[in-house]
Each structure stands twice: as structure tokens, then as C-alpha cells.
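Both complexes shown next keep subunit A, but they swap its partner, so subunit B is in the first and subunit C is in the second.
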Partner chain A sequence: MNYVHNMITDGLAFAIPLFIMAVGGIFSEKSGVINLAIEGFQGFGAFCGALLATVLGMYTGMGTQTTLYFALAMAFVGGSLYATLHGLLCIRFNADQVISGVVINILGVSLTTFLTSQLSGVFYGSASNKFTLGVSDRFSVPGLKSVPVLGAVFTNIYPFEIIILVICTYLWYLMYKTRFGMRLRACGDHPQAVDAAGGDVARTRFIAVMISGGLAGIGGMCFAYSLLSQFSPSIYLGYGYLAIAALIFGNWSILPTFFVCVFFGLARAGGYQLCLFMGLSSQYTNLFMTFPYVLTLLLLLFFSKRNRPPRAAGEPYDKGKR
Partner chain B sequence: MKTISNDFGVKIKSALARFLVNEKWTRLTVPLFCIALTALLSSILLLILGKNPLTAFYSFLAGNGFAAKAKYGAGVGMISDFFQFLNIMAPLLLAALAFIFAYRCGLFNIGISGQMLLSGFLATIWVGYAKELSGGIAKPLVLGIGLIAGGIIGTIVGYLKYKFNIHEVVSTIMINYIISYVTGFYINSYYVDQVSRSSKVISTASRLTFTKTMVLGNYCNVPLGILIAIGMAFLVRFILERTVFGFELKAVGSNRNCALYTGINVGRQIVYSMMISGMLAGLAGVTYYLGFTNTIIPKTLPGMGYDAIATALLGNASPIGAILSSVLITIFQNGSSYMSSMVGVAKEIASVITGILLLFSACGQYFRTVASAYLRDLAEARPVRHESGEEGEENELRP
Partner chain C sequence: MTDQNYIVEMKHITKRFPGILANDDVTIQVRQGEIYALLGENGAGKSTLMSMLYGLYEPDDGEILIRGRKVRFKSASDAADQNIGMVHQHFKLVENYTVGENIVLGIEPMKKAFGLFPYVDMREANERIRALSKSYFLEVDPTDVIADVGVSTCQRVEILKMLYRDAEILIFDEPTAILTPQEVEYLLRVMRELRRGGKTIILITHKIEEIKRVADRCAILRRGKLIGVLDVAETTTQEMANLMVGRNVDLQSRKTEAYFGEKVLEVDALSVRNDDRVQVVRNVSFDIRAGEIFAIAGVSGNGQTELADAIAGLMRVESGTIRLNGRDITRGNIRERTEAGVGYIPEDRQKYGVFLDFDLCSNLCLRRYYKAPFSKNGILDFDAFGRYADELIDDYDVRSAQGRKTSVRSMSGGNQQKAIVAREIEEHSALIIFVQPTRGLDMGAIENIHKQILAERERGAAILLISLELDEVMELADTIGVIYNGSLLKIAEASALTSQEIGQYMMGVTAN
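For the complex of A and B:
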């Protein structure tokens, strides 16, 4: 019983940051800019957040639980500023979007690693490759948490899970119910139509890429405050790529992607708990950790026939194209 | 006075533009231009940090045996550094070729690291730990296992793409994770060296690099891999440029629908190109794990899989270009430790410089477009007035 309980709490704690990264990816790809750069965005965003948190912690004496919120906001800003680089390359300089994404990732890893080792020397006196952050507190909803099985959803929640769900609900509204969202989706399917209707394709795409970077930054910051409890190059675990897989599996729409992320999270935590349950040595967790990936591949065999990416994704907008 | 300086500016600009646009040399001049920009930007970066850029660049070269270091240990010299440089360049070049082969067919093989890891792992446990095999048998076996293991993974990815429409980026990422965890499990359970926490060292006979070989009085690590890598580069070039198969492959890459209408079997091309890409990645894996190093760190995908993408991109996705770009990238990556010790900057700056270089080369096509548009405008403006270069490049381009 306890294992199922842990599976749900840990699974959600993993799934929800992954979800916000995937939503970021959806925004960018729906606007017609392929986004392989999520991994780089999340790392850079988390770096900015961690930097602010360290500075605040040192000079104002705020505790981890307060700086967390500033760090999240800063991660959003940092991530979206870094994303302007991807936007510039893809939209202004007409670079190959896939290549640009890879370049942004490589630059992100090297830049944050370099800056961390330079700056940590300033803060801690001796150079190291990390900023220590601590772990966010968790809370449980009284009453609801004692519901059998489903109560696990309301136990040991990280505050950022709630923040992310609120943001993503708003983003869902923005994407599907507003004029901006409609334009954004049109930019990914038929940018010429948007142009003809008086919209600005480049601007819309740029905003979408920046949103994408900011959201990925938040996601990265959450992993830094939960799984890792620090910022270091180990933040580049490949979850950005996993988010891309999730959004492709979720067919580029927000709600299905949410379920895919939850599925990933549960499969990941489930494999771990199953290993504990069967009393196997910790070596075997490695085998069980392949669960989400094997399952995804199997499920994709059945579901990806009807996958439909945005039609104009990957093409720089060309006014003269028929 | 003003007209003269403007005239001069126009001349320089148009010379630069002609340099970039020149049909025959553009494949070389655009990357050179990017390298020059990178050198400029990274010099500024180093100056901001208060270091001498010239010392830094010299140390990069010295770290790879292209220039003399201040002092050497006993029995090693410039040539040892040079062989070490070749030693790490070999897998990088092979991995870049793997990327190029898939990329020319319009596929994005992001799973090079996984393919490298699996082939390296299998070759290690099957041949590397078989102490009784002699070098003449072990080395071809290692290469064979690399080719087959990588090829199988590639084929699976291609088949999933062709039959089930699973995007190759997704399937390769999933397969990367699976390979990383499964090999990690086996290494940790059965093959771990308790002291170093990585896999046990392989036998010398199976290693593709002859370590501590005496060359001109210096101990060198002579890599077999570099010959294979350069040979493969020319082979890939031959396949892509001189065979029907290569032509069809590129046709699928440039326009899938058009290729379909002309009767090319698109599915078959996809599977084959992923298979060959995987085989090259497998070769990269064995030259990395059973050549450059001799152990495997569990649960760690080689970062080279991603660097390879960068290398391929810098070389215009052409096999010969990849040779040049892998030289350049290796100089930065391999020379970083020596540079760091000489100049006193964290060695990660090498990756930053590589990143900046990539950033510029991603814009290569754009530079070229700007240059040709500039020349066109200039040619149109010439009969009327001379000083059209006044506003700078950006403004003149506006139609």
C-alpha cells in the first residue's frame, strides 16, 4: 500500500516539472519553431534562478523556502532571455531550427558550467561546479490526504507543483481560447494566412519561443529544488529531451501531453517502488528505470500512426512562398 | 574626407562579400569567416577575464602537439601530444560521419551516444575481457561487433520510423536511456572495478590504440582508429557523391514527396541510411571505449554523441568538411586542460568557445545571403551613386 502511495507522490513530483517543459515545447512548435533546445533552456533558466537564490541567501539571509519563489521567477526570466538566442537564430537568421536547437543546448551546458565554476569561486571562496540550494518543503492537504489511494495525490506536495498547474491552466486558456493563441497555432500551420490577416508571424513566433524558454527554465528550477537540491552540470539529465518525447507522444496538444507526463512520472516512480517492493538490491533499480522508456516505445507503436506535427514547423517563414 | 572613408569602407565590405559569395570557395570561406568571428569574440571574452588571448590560443595548439610546450616530462614530447590528439579525434570524426549519413537523408540521429555506448559495451565484454585472444583476431572482432551492434540499433530506429511513423528523435532518445540504464546495470553488477567504480580494464590485445609505443624517441598512444576514420570519411563521400544509392538517399533528404513520385523506395532508403549511420556510430563507440579509453563509466552517455552533431554542422554536413571541423573541435576540447593550466581560466571555456563557433556557423547561410544581397545592391547602385554603403549592411538589405 505504502509503495503505491509513494509511487503517486514521487511520480507527480517528477511529472509536473516535466509537464511545464513540455508545454513550453508545445508553444514553440505550435508556432512553427522546432524546439530541441528545451534542455539548454531549462539548464540556463535554472542557472539564473540558482544564482539569484545564492546571492539572496548570502546577502539578505533569506531561507531556502523564501528564495525558492524568487528563484522560480528568475528562472523564467533567464530562460526566456536565453531563448531569444534560439529565436534570433531561427527567425531572424533563418538557421536550420534543429541545428540551432542542438547548438543552443551545447552552448547552454558549456556556458553554465563555465560561469558556475567562475562565480562559485567568488561566492564560496573556492571554485566548485555547483550552487547548493537545498530542497523545497512539501505539504499535505489536511482531510483529503486520508482518502484511500487517491489521497496520495494530496500528500507531500511541493508548492511549485501547484504553481505550475495554475500557470499551465492559464496557458491552456491562452493557447486555445484567445486570439493570440489562435494566431500562434496558425503560424505553425499556415503562416501566410496569418500574414494576410494582418498578424506579424515573426513577432508571434518570437514570443512563443520566449515563453517556451521561460517555462523550461521553471521546469529546470523545480528539478534543481527537488531531485538534485543543487545547481550543477548534473541538471542536464536529458529531461528536456524527455519533454520533447512527451509532447510528440501527446500529439502537440496540452491536455494529452499532461497525461503522457503523468504516465512517465508514474512509470518512473513505479519502477523504483517495484524494485523496493520485491526487495531487490539497489543495482536492479537501473533495470527498472528503463520502464518509462520501454513502455513509451511500445505505446508509440500503436499511437504514432495518427501523429500530426504542425505543418509549417521547421520552415523559416518566407513571405513569397506559395 | 567623408567620401574617401566611405569609399574605403565600401571596398572592404564588397571584398569581404565577394570572398563569402565566391561560388567555388564559399564552402570554405563561410566557415573561415565564422572561425574569424569566433576568434574575435573569444579574445574579447578572454580580455574581459584579464587573460592574454594569444597565450590562450597558443596553449590550445601546444596542448595538441601543433606547437611546442614550455616543458615536457621524461619520454614524452610534441609528437606524443599529437598522437593523443589523433586518438580522440578518431571517434569524433566517426561519430560526425554517422550524423552526416542520416542527416543527408533528412533524418536526425540524436542517438549516436547510445549506439556508441552499446557497441563499446558489447565489444568490451565479448572481446575486451577474452584474455586469450591475440591482437590479430581481437581487433577485427572489436570492429565487427561495433559495426553490427550499431547497425542493429540504427536499423531498429529506421524501421520504427518507416513502419510506425515514430519520430527518430523520440525513439533514439528512448533507446539512449534504455541502453544507458541496462549497460549501467550489467557493468555495476558484473564488470565493475571496485576501486575506479567503472568497468574493468580491457586486454591490451583488443585495444585499438597501441599505447606507449616508441615513436622518434617519445612514448605515444598510436591510434588505429584515425586511419579507419579518415578512410570512412572518403568512403562516405564516395557513397554520397558517386553512387545511385547515395543520390537516392540525398533525394529523400531534400524532398521526400518528390523522391516518392520519382519512384524511389523512400522507406528502404530511410532504413538503410539509419543502419549505416548506426554502423558508423558503432565504430565510433569501439574506437572511443576500446581505443581512446579502456573502460566504461556506467550510466554515462558519451558527450561526444552531441559534439559530433556540432562537428558535422561545422563541416557543412560534408564528409571532407567533417575531417577539418573535427580537427578544429578536437583542438579546443583536447587542448583545454593545458590551456587552463597555462592561462588560469576554467577549462570549460573551451566548450564555450566551441559553442560560440557553432552559433556562428549555424548562421553561415545567412551570412552568405547577406553578402550576396549586398553585392547585388551595390551593383545596382553603382551607376547612380557611389556611397551606398553609408547606412551599414543591415539597412541596405531592406527591399
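For the complex of A and C:
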């Protein structure tokens, strides 16, 4: 029973940061800009957040939990700023969006690794490849946590899970109910229609890409404060790509993507718990950690046909084109 | 200074694009509440001129006055502010949105939930759209999704989009090009209805018939220049056609008397199955002699395209034989057939006729590139390509922005077709197959292609013409075969058939 309980708790703790990254991807792609750069965005955002957390921790003596909130905000800012690079390349200079995304990922890894080792030397006296952050507090909801099985949902919650769910609810509203969202989705289907109606395609897409970067940054920061307890190059584990897989299976729609993320989270945590349950040695953990990726491959086989990506995704907007 | 009656004035407008002078000192003045037509061939500069009125481009020279006041449009929304709207030739609609959402896009009506959260109020918008659609006879259901509705509904949505924005000046860019005759009828009625409602309409078209039926006045553009402004009621169709093309147009082509030679093509009991294993050509037999135009008439989808593809070698033959000058080519591959003397002008010219992203030069040399002098020991000689291409461009008057270096994609449909026809005719093949050779072309280009076909006939080629236009068949053919459901129901001399009779056979009636 304990294994199932842990699977749910850990699964959600993984799924929810993954979800916010995927929502970021949805914003970008729905506006017509293919976003393979989520991996780079989340790393760079987390780097910025971790940097701020380290500075705050060193010079103000603030505790882990308080710095976390500043770090999340900073990760959003850092991620969006880094995303302007993708925006400039894809929107301003009409670069190939796939290539731009890949380049931004590679650049993100090397840039943050380099900066981390340089700056950690300044802060800690000796250069290392990480900023130590610690792990966020967790809390349980009294009463609800004792419900059989489902009580796991209310046990050992990271506060950032709640924050993310609130943000994503707002983003859903922004995407489907507001003027901005309506134009954003139109940009991804037929940008000429937006232009003809007096909307600004480039601006809308740019904002969407920046939102996407910021959200990915928050996701990365959460992983740094939960799975890793530090910022280091190990943040580039490929979760950004997993978020892309999630949004594709979720058919570029926020709610279905949420369920896909939960599914991925449970699969990952389930694999780990299964390994423990069978009493296998830790070297097998890695094998079980391939679960979500094997599932991704299988899902790709079955769901690819049904999916409808935004029609104009990947196409730089060209006014003259008919 | 300015006449108050003019709602739109464009004075001395000049617009250049790389390599092309699209508009050259054009001046037009449109009165409030009239239907003003812009007539010209493809590439005459009509759309460019209107794009400037709609704020998509800015003119290099000249000025635009709306209601007597000088304006400068930097974007479509500037034009929209002056109550100008445009129905584009290619619809600008978001496919996964509803009709209503498309109409309000850009000026969404907002409401606040709990006085706090703004949201787009579709309910109110849809009500307004229903009211508008009733008052102008523009039937739409605002909750339908665009992906599920047809082209004529899409067009109505585009019109409603303008009306929803209180547009007073409506620009229609080739609105009837994609409509069936009944839908055209309906649209013309809507346009009259709009005029009655006090709207001013500018109609871009190259179809003189439509102008004759709805327009009050008509400006004619040719190669970027304004040729004249006519009162439609006082001008004949022939006059307009002549002005548009710039010379006397033969609305009837001149056919010389026929001199038939030997049998060139003999098709015997030919049957073809398509990819779905359906028999689309059934037991078809006919001959074409040298100097004969054999036209196949029929309603689209009755096997005529497959028949042409089977003769050209694009489709496998199930049974029967095809002989060219007595030689069996039934199983030959495409190159064997072309070298035996089959020229082919395909129906879908952009897909099968040219490489859109190659330059004109390469496209013109496609039939010869592997032979000397174009290829020596497997190495291509591009000087030879260039010389040959320039020759064809001159002889066949293929117009483009940068000569043989032009990417074919950027050329007009008429000139793409001219290039294909030039390439195929220049092979002097014994048999030339024309499938829908004038589809989507304007009057000048059609006349040009018809002349080429007749010239080939006089040279002594056997010509297989497949056309959905009965007029074209009647005008050119020496012999007519009517195809229905894959079978040739009737083969007869063209002079022995009336268009009514052909129409009957096309519907499958064989009783008489």
C-alpha cells in the first residue's frame, strides 16, 4: 500500500512542474512558433532563479523556503528573457524554428554550465558546477490525507504544486476566454486572418514565446528544488522534451495535456516504486526510470494520427504570402 | 478642389516591386454608392492597386483620398478605421474557429465576469451576426466551424466580417473565381443588395460578363497602366475585351479547313483501374489522325483525366492497346513514350507540369536536359540551357520578372502554362495531349493557348484535347467523343453535334 501511496505523491510532484512547462509549449506552438527550446528555457530559468537564491541566502540569510518564492519569480523572468532569443530568431529573422530551438538548448547547457562554475567560484571560494539550494518544504492537508488511496494526493505536497495549478488555471482562462488568447490561437492557424483583422502577429507570437520561456523556467526551478536540491547541469535531463511529448499527446490542449503529464508522472514514480518493491538493487533504478520514455514511444505509435498540430506552426509569418 | 461625390480617390499611384512596375501613374475615382469594376488580365496590377487602398502596401508615389481627405495607410487596421473592407481572393479565415469567432476576430466584444475577469462575449456577437446576415441575404450560422463549411459560405463570412466592422467601401478581389454558376448568381445578387444599402463596391475581376451584369463603371488596367474608365451600360463586351488585352481579341477563333493525314494514335479497347481498384476507363476505342483535334467532352470525374494519364504513361493500363504511328506503346515507360512522340500538358500544371521552385530556364529544358547539347557525358551545359530557354521565352512570349532566372512559383498561372506549352510544343511531337489547358487563365492567355493548339493542328500533329468547358470543345474540335462513367458514349464529327446533344450524352442519355 505504501508503494502506491508514494507513487501518487511523487508522481504528482513530478507531473505538475512538467505540466507548467508543457503549458508554456502550448502557448508558443498555438501562436505558431514551434518550441523545441523548452529544455533550454527551463535550464536557463532555473539558473537565474538559483543564482538569485544563492545571493539572497548568502547576503540576507533568508531561509530556503522564502528564497524559493523569489527564485520562482526570478526563474520566470530569466526564462522569458532567454526566450526572447528564440523569439528574435524565429519571428524577427524568420529563422527555421526547429534549428533555433535546438541551438538554444545547446547554448543553454554550455552557457549555464560555464556561468555556474565561474560564479560559484566567486560565492563559495572554490569553483564547482552547482549552486546548492536545498529541498522545498512539503505539507499535508489534515483530514483529507487520511482518505484511503486518494489521500496520497493530499500528502507531502510541495507548495509550488499549488502555485502552478493556480497559474495554469489562469492561463487556461487567458488562452480560451480572452481577446489575447483568441488572437494567439488564430495566429497559429491562419496568421493572415489576424493581420487582416488588424492584429499584430509578430507581437502576439513574441509574447507567447516569452510566456513559454517563463513558464518553462518555473518548471525547471521546481525540479531544482525537489528532485535535485541544487542547480547543476544535471537539470538538463530531458524533461523539457518530455513536456513537448506531453503537449503533443495532449493535442495542444491544456486540460488533456494535464492528464498526460499526470500519467507520465505516475509512470515514472511507479517504475521507481516497482523497483523498490521488487527489492532490486539501485543499479536497476535507472532501467525503471526509462518507463516514461518507453511509454512515450508506444503512445507515439498509437496517437500520432489523431493529432492536429496548429496549422501555421513552424511557418514564419510572411505578409505577402497568399 | 475635390468633388464631394467621390468617396475614394487614388491619384497618380505608382508602385514598384523588384523587377516589376506594378502600377504606373494610375488614377481612379470612385463615387459613393456605385459598383466600380477594375478589369485587367492577370498581373495587370489590379490587386496591387487595391492592396494599397487596403493598407497592405504603401504606394511609392501618389496620394489616396477618402471622402475628400488625404490619408496614409500603414496597415489594414488604418484602412478599416476609414470603413474600408476587403474580401480577399484567398480567404483569411481561421479554420478551427466558428463563423462568429472569425467575424469578431480583431474587434472582439468584451464583457466582465464578476466585474473582474474580461472575456469575449460570443453570445452577443452571434446575435448581431444573425441580424446582419438576415438584412443582406447572407445565410450563415455563426456557430458553424469554418473547417466544415464550403467555399461560398466562407465568402459570405468574409463579407459579413466587413459589414460587422461597418465597412462602407467594400473591395472584392476576384470573388467569383472559385464559385459555381449558381453561387455566382447569388453573389451578384448580394452585391446589388449591398449597393441598395448604400455601400460602395470595388470589384476586381477579369470576367467581363460579371462587369456587364452588375457594375456601373469600369476602369481597365493593362500592364500596370490605366487604359481608360468606361460607362458599362454604354460599352460592348467586345470593346472591353479589346481594351483589356490591348489588341483585337477574337472571341471566336479562326479555324482553317481540316486536312487529315495518317492515323497517329490508335486506342483499342482500353481499360484502366485507379489506385482504389475501380475501373475508371472502360473499353475505350478511338483514333486520331494527323492534323485532327479530337476533343473529349464530359462532366468532371468521368475518367477523362485517367484516360489521358494512361496514354501519357502516368497510369498503368489494365487491358487494351495504345499504338502511336503503328508502334505499340501500351507498356512503354514515360520516356519511351515521349521519345516516340507524345507531348503532354497536364491538368494540374503546378503539380505535374513544372518544378515550382526551379527557375524558368530549368523548367523549359526538362524534356531535353539529358541529351546533347544540354548534357555531354553526363555533365550539364548550362550555357546551352540558357540559350534554349531564352529562345523559347522570346518565341512564346513567356513573361516573368527576371527572365529565365525567375522562380516558376513567382510567375502568374498564365505564364506558367505558356512555359509548359512552349516546352511541349517545341518537341514537335506527333501526338500532343492537352488536359484542361485553359483552366484558371484569363482571356488573353486563353486566346493565346487556343492559337497554339490550332497552329499545332496545322503543322499536322494529332491533338487530344480534354476539357470540361463545352464552349472550348465546340470551338476547337474536329471530332468529339463524349465520355460518361468511363465509356465513350458517342464519337462524331464536331459539325454533326449541337451542344444540347453533347450535354445529353454528358449526362449519360443515349436514347436518341
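Brief remarks follow.
The definition used in the following text is that the second predicted complex is superposed on the first by the 322 of 322 C-alpha atoms of A that agree within 3 Å, B and C clash if a C-alpha of one lies under 4 Å from a C-alpha of the other, contacts with A are read in each partner's own complex, and residues count from 1 in each chain.
One rule holds for everything that comes next: a residue touches a chain if its C-beta (ideal position, glycine included) is under 8 Å from a C-beta of that chain, and two chains touch if they have at least 3 such contacts.
Small disclaimer: the values here were computed from a predicted structure and weren't measured.
Superimposing the complexes on subunit A yields a three-chain arrangement in which subunit B and subunit C fit side by side. Using the contact criterion defined above for the overlaid structures, shared-chain residue A:Phe249 touches subunit B, although it does not reach subunit C. Judged by the touch definition given at the top, the superposed model places A:Ser304 against subunit B, while subunit C stays out of reach.
In the overlay built on the shared chain, the residue A:Thr290 is in contact with subunit B alone; subunit C does not reach it. In the superposed pair of complexes, A:Ile99 makes contact with subunit B only, with no contact to subunit C. Counting the residues of subunit A that each partner touches, subunit B and subunit C differ, and the larger count belongs to B.
For the superposed model, the angle subtended at the Cα centre of subunit A by subunit B and subunit C works out to 70 degrees in steps of 10.
In the superposition on chain A, contact of A:Ser110 is made with subunit B only, not with subunit C. Remark: least CA distance from subunit B to subunit C after fitting both complexes onto chain A is 6 Å. Across the interface of their complex, subunit B is touched by residues 36, 85, 89, 93-96, 98-100, 102-103, 105-107, 109-111, 113-114, 117-118, 127, 238, 241-242, 244-245, 248-249, 283-284, 286-287, 289-290, 293-294, 296-297, 300-301, 304-305, 307 of subunit A. Residues 173, 177-179, 182-183, 185-186, 189-190, 192-199, 308, 311, 319, 322 of subunit A are the ones touching subunit C in the complex. By the touch criterion given at the top, residues 56, 75-77, 80, 86, 88-90, 92-97, 101-102, 105-108, 110, 117-120, 161 of subunit C touch subunit A in their complex.
Partner subunit A is touched in their complex by these residues of subunit B: 108, 110, 160, 164-167, 169-171, 173-178, 181-182, 184-185, 188-189, 299, 301, 306-307, 309-310, 313, 346, 348-349, 351-352, 354-356, 358-359, 362-363, 365-366, 369.
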